[in-house]
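What follows is a pair of complexes built around chain A, which joins chain B in one and chain C in the other.
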Partner chain A sequence: MSGAVISQQIVNALALGSVYAMIAVGLAMIYGVLRILHIAHAGVYAAGAYLGLYFFKVTDNFFIALVLSMLITGVLGALIERFIYRPMLPKPRIVALIASIGLFICLSDLFRIIAGPYQMAFDYPALSGQVTMSGLSVPRVDFAIIGGTAAIFGLLWFIMQKTNIGFGIRAVAQDIETAKVMGINVDRSIQAVFFLSSAIAAFGAIMVSVLYNAVYTNMGDMIGYKGLALIVIGGFGSLPGAALAAFLLGFAETIFTTYSDVPLSREGIAMFMLVLLILFRPQGLLGKA
Partner chain B sequence: MFDDYTVTILIMMAVWSIVTLGLNVITGFAGQFNLGIGVYMGTGAYVSAMLTTQAGFGFWSAMPLAIVAAAMMGALTGLPALRVREDSLAVLTIGLVFVFESLLVYLPYFGGPVGISRIPRATFAGVPLTNNGYLVIALLALAAAIGICWYVKRSWLGLALESVREDEHATSVIGIYPARFKLYAFTIGAALAGLGGVIYTHFIRFISPYDFGFMPSIYVLVMLVFGGIGTIRGAVFGACLLTMLPELIRFVQDYRNLMYGCVLVLLMLYQPRGLLGSDSFVWLQLLRAKNSLRLFFTNGRSYAQNS
Partner chain C sequence: MIQLHNVNAYYGRVQALRSVSMNLTAGKIFSVLGANGAGKTTLLRSILGLAQTTGSIHFEGEDISALPTYERVRRGIAVVPEGRRLFSEFTVGENLRIGAINRTDRAEVDADIDEMCTFFPILRKRFEQPSGTLSGGEGQMLALSRALLSRPKLLLLDEPSVGLMPIAVSDIFNMVGKICRDKGLTVLLVEQNAKKALQIADNAAVLELGAVAFEGDVETLKADGRLKEAYLGH
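Right, the complex of A and B next:
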């Protein structure tokens, strides 16, 4: 096994981990403010990919499509919060969870009805194909994913730590009631969280569709379930924990699928990690007991 | 008696009712989220299928073993569930159902992704049963499941489960050890789901891992919530209605998931207790109708005066 192969695997694992991290951090933010498992995030993710493909075909400009899709998906996320989750907050926890499952089932069938059951190609020549340098051959879009994730997380860190919106979000995540008493606009902070996490999910979805050159109705399913597993593994509501768990999973999946023949699918690995971790560390990697 | 098509739907209604009753014991009575009821149904189905196709067991001797296996699976998966609560538990059970499914797919011993086929029909006194005969067995199993649920709900066990659901800390203060009762709930619920799996297996006679994966588990949860979580009538009603609906209305079959999803969201927004739940609109109307009927037949005297 040469060094080139190893570095190739590292780039692959980083790109995979980045995609997981974008989903998991979004879910962790939502869990942080509302304490709900947003299973419908998988549907929002697929919506981002479909919108991106649509705008790409209409405008023929990848960046305009990316930005438009992120904005509209963000608004979609905020609408979901406004009209579905907000009326349910005083009710028992299982209510929001089941509504989220219902929304998720509904969304993926909606895509099937609107766009058809067949896989659609997302062909963007500037990002498809491989980069070959010194014996290393890596999909070009991997670099876009890693770079884009770094930029997005940098921006997210800035928003969360340095702006008033981020300050509000952090306050709401600590204690909704106290934040309200202190004069923070709780509803606006929660909307901002849903907007941000949905827009990030749209970015990840478009990158993944370019990587596999495919947009299909249930493309978000597996990544959504893994995202939920990751926020438990990372420790509920902990953003660094979710990101760390995502990159660990990226590496674990790359290593396991390449070098071993354990009787587990790619999906199984994340869930197996989850079950083991809950047995030995129920509060998660970076969670507080 | 009935034609094959009707019998098939009736048997499937009985099967899903039994599985939904099993989930009701775990999620409805004891309040433990479970998005992976397919694990227990699948354990019952696979154990029964393996015993009858490979070990030469009959339907009647394999059934108790399959149910015990499902109950053991319930206790086993209940153990990690003791360490986590609510949201983590929901995610953990999603994890369990995916691990279960991928193990079944990847282990050639269980038939791999194609599953097990040529499962023998159920027999009675040595004679293979017809579909009508099997319907009787399915209905008897459903009656037994309803009886068990009713007994659990009425006994002190049901009270303990309910108090665990409402407030775990208060429960442990009054001397009821919540972990033990959570395990009881998982075991009983899993055994019921396993019974449903056995009935399913010997009717369909072909099973694959995907029949017991995440989506079927979600459908069972949808049935339970639709009918009314925590009630026996709700579980049976929800399972029967949602099994029957796609058959009755062709339109529904094409847009099944869209309709399920929308109904679920609307139900959670306006009737979170389900259609026949404890203080749902329909159930209150039914109770009111019953009262006015009683008043009508007793010439306006109230029940207390009458007795």
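Right, the complex of A and C next:
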């Protein structure tokens, strides 16, 4: 096997892992502050793709479309928190979980009603096609995904570690009530988490739409399921754990689909990994026992 | 400084405070005594906006009864919660900084942190360590310092002696007395250890089944035979 093929696989795996990481880290942040599994994140992800495509068609400027979609999807996430989850928080968490599943289904149907049941093309020539250099052939968008993810995670790290809002979010994730008596506006911290994770999901969704040249109603389903699996694998609520698990999954899927004859789909492998890991390490990769 | 007027507090259908009225004088230490379940912690939770209440609470002349917790804290109320409630994933230093999260005077915050580390040298020694590694007494010092870092006008202390060795209890009470008098803080101390609480308090109240059974100065309380028997043990 040539070095070029291996390099190509590494880039593919990194890009795949990046997309998973964007979803998983968002879900882990939300789980961290509210202890809920935000199933509807899959719908928010698809909303990001639809909005991105809409603004791209309207403005004909990919960068503006990307930014507008991230902002509006972020607001959508914050609205979901404000009007759906927040009133349910005093009730057992299963109530929010059921609401999340309901919302996820509603969003999917809403996209079908508004945009139609058929797959739509997201054709952005500047990022489509392959880059070929020294025998290495990689989708151009992979580089945008990897670079964009690095920039987003760098910014997220800065927000969480170096700003007051991030400091507050980290406190809320440990103990909501004590965070309140420290004078932290807990509702605002939680809104910030929903805004950030939804905006990040929109970025991932737009990149994937360009990669596969497709936007469709249930495009978030599989990645959403995997995201939920990844926050369990990473250790509930652990952001580095979720990111690590996402990249491991990216590599595992790339290696298995390329070199194995096992008749399992990528999704099958992901879920199989989850079952194995939880059997032997119930607290997840970086979770505390 | 803070006035409670006819405050009732509820947990669902259970009433935990019954028509509680209190008036705390600025710069004084006020102890609230009472048995388990008498409503002491609920009293603090009501002041902080963490309990469902009726009646009115005025802080420095302003009715704060409808304000969310963070707004009350920003107006100058801080708490050392029962069981300390440190952020275990934060270092000692981060636990101190979170107490000052709403302050913008960075240089002053650093000076205050330095002052706390002078009061409690162990905090400087453990500054970069996770707060989970502290002993009970050290944790209590951190929780007290964290509360003081918001530069409160009113400090609420919820059972600071629970879970501590007797020597640590004495240390904490001495420091509370000293720091609060030096800084002119008003303190509301909820405590089961009546002897210790009354040593540093100016005024006191006794809660029984959610209602105020006594309120007055400490000397009067000490002289009251019935209360002496029930809370001071001799």
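Rule of thumb we're sticking to: the second predicted complex is superposed on the first by the 289 of 289 C-alpha atoms of A that agree within 3 Å, B and C clash if a C-alpha of one lies under 4 Å from a C-alpha of the other, contacts with A are read in each partner's own complex, and residues count from 1 in each chain.
The rule is short, and it goes like this: a contact is a pair of C-beta atoms (placed from the backbone, for glycine too) under 8 Å apart; a residue touches a chain by one contact, two chains touch by 3 or more.
Here the structure is a predicted model, which is why all the values come from computation and not from measurement.
Asks: Quick one: on chain A, after the overlay, do chain B and chain C clash, or do they fit? Just give me the call.
Replies: The answer is fit.
Asks: On the A-aligned overlay, A:Ile255 touches which partner chain: chain B = first, chain C = second, or both, or neither?
Replies: neither
Asks: In the superposed arrangement, which partner chain does A:Val181 touch: chain B (first), chain C (second), both, or neither?
Replies: second
Asks: Return first, second, both or neither, reflecting whether A:Asn164 touches chain B, chain C, both chains, or no partner chain.
Replies: The second partner, chain C, only.
Asks: Who contacts more of chain A, chain B or chain C?
Replies: Of chain B and chain C, more residues of chain A lie in contact with B.
Asks: Mind checking the angle chain B, chain A, chain C on Cα centres after superposing, to the nearest 10 degrees?
Replies: With chain A as the vertex, the angle is 90 degrees.
Asks: Give one of first, second, both or neither to describe whether A:Ser108 is in contact with chain B, with chain C, with both, or with none.
Replies: Once the two structures are laid over each other on A, A:Ser108 reaches chain B alone.
Asks: In the overlaid three-chain picture, which partner chain does A:Val58 touch, first (chain B) or second (chain C), both, or neither?
Replies: Neither chain B nor chain C is touched by A:Val58.
Asks: Go through the superposed model and pick first if A:Tyr225 touches only chain B, second if only chain C, both, or neither.
Replies: first
Asks: What's the minimum Cα gap, in whole angstrom, linking chain B and chain C in the superposed view?
Replies: 16
Asks: Within their complex, state which residues of chain B touch chain A.
Replies: Going by the criterion above, the answer is residues 27, 33, 35, 80, 83-84, 86-88, 90-92, 94-96, 98-99, 102-103, 105-107, 214, 218, 221-222, 225, 229, 255-258, 260-265, 267-269, 272.
Asks: For chain A, which residues are in contact with chain B within the complex?
Replies: Checking each residue of chain A against chain B gives 31, 35-37, 84, 87-88, 91-99, 101-110, 113, 225, 228-229, 231-232, 236, 263-265, 267-268, 270-272, 274-275, 278-279, 282.
Asks: Provide the residue numbers of chain A that touch chain C in the complex, in ascending order.
Replies: It comes out as residues 164, 167-168, 170-171, 174-175, 177-178, 180-186.
Asks: For the complex, which residues does chain C have touching chain A?
Replies: Within the complex, chain C contacts chain A at residues 48, 50, 68-70, 73-74, 78-79, 81, 85, 87-90, 94, 97-99, 101-102, 146, 150.
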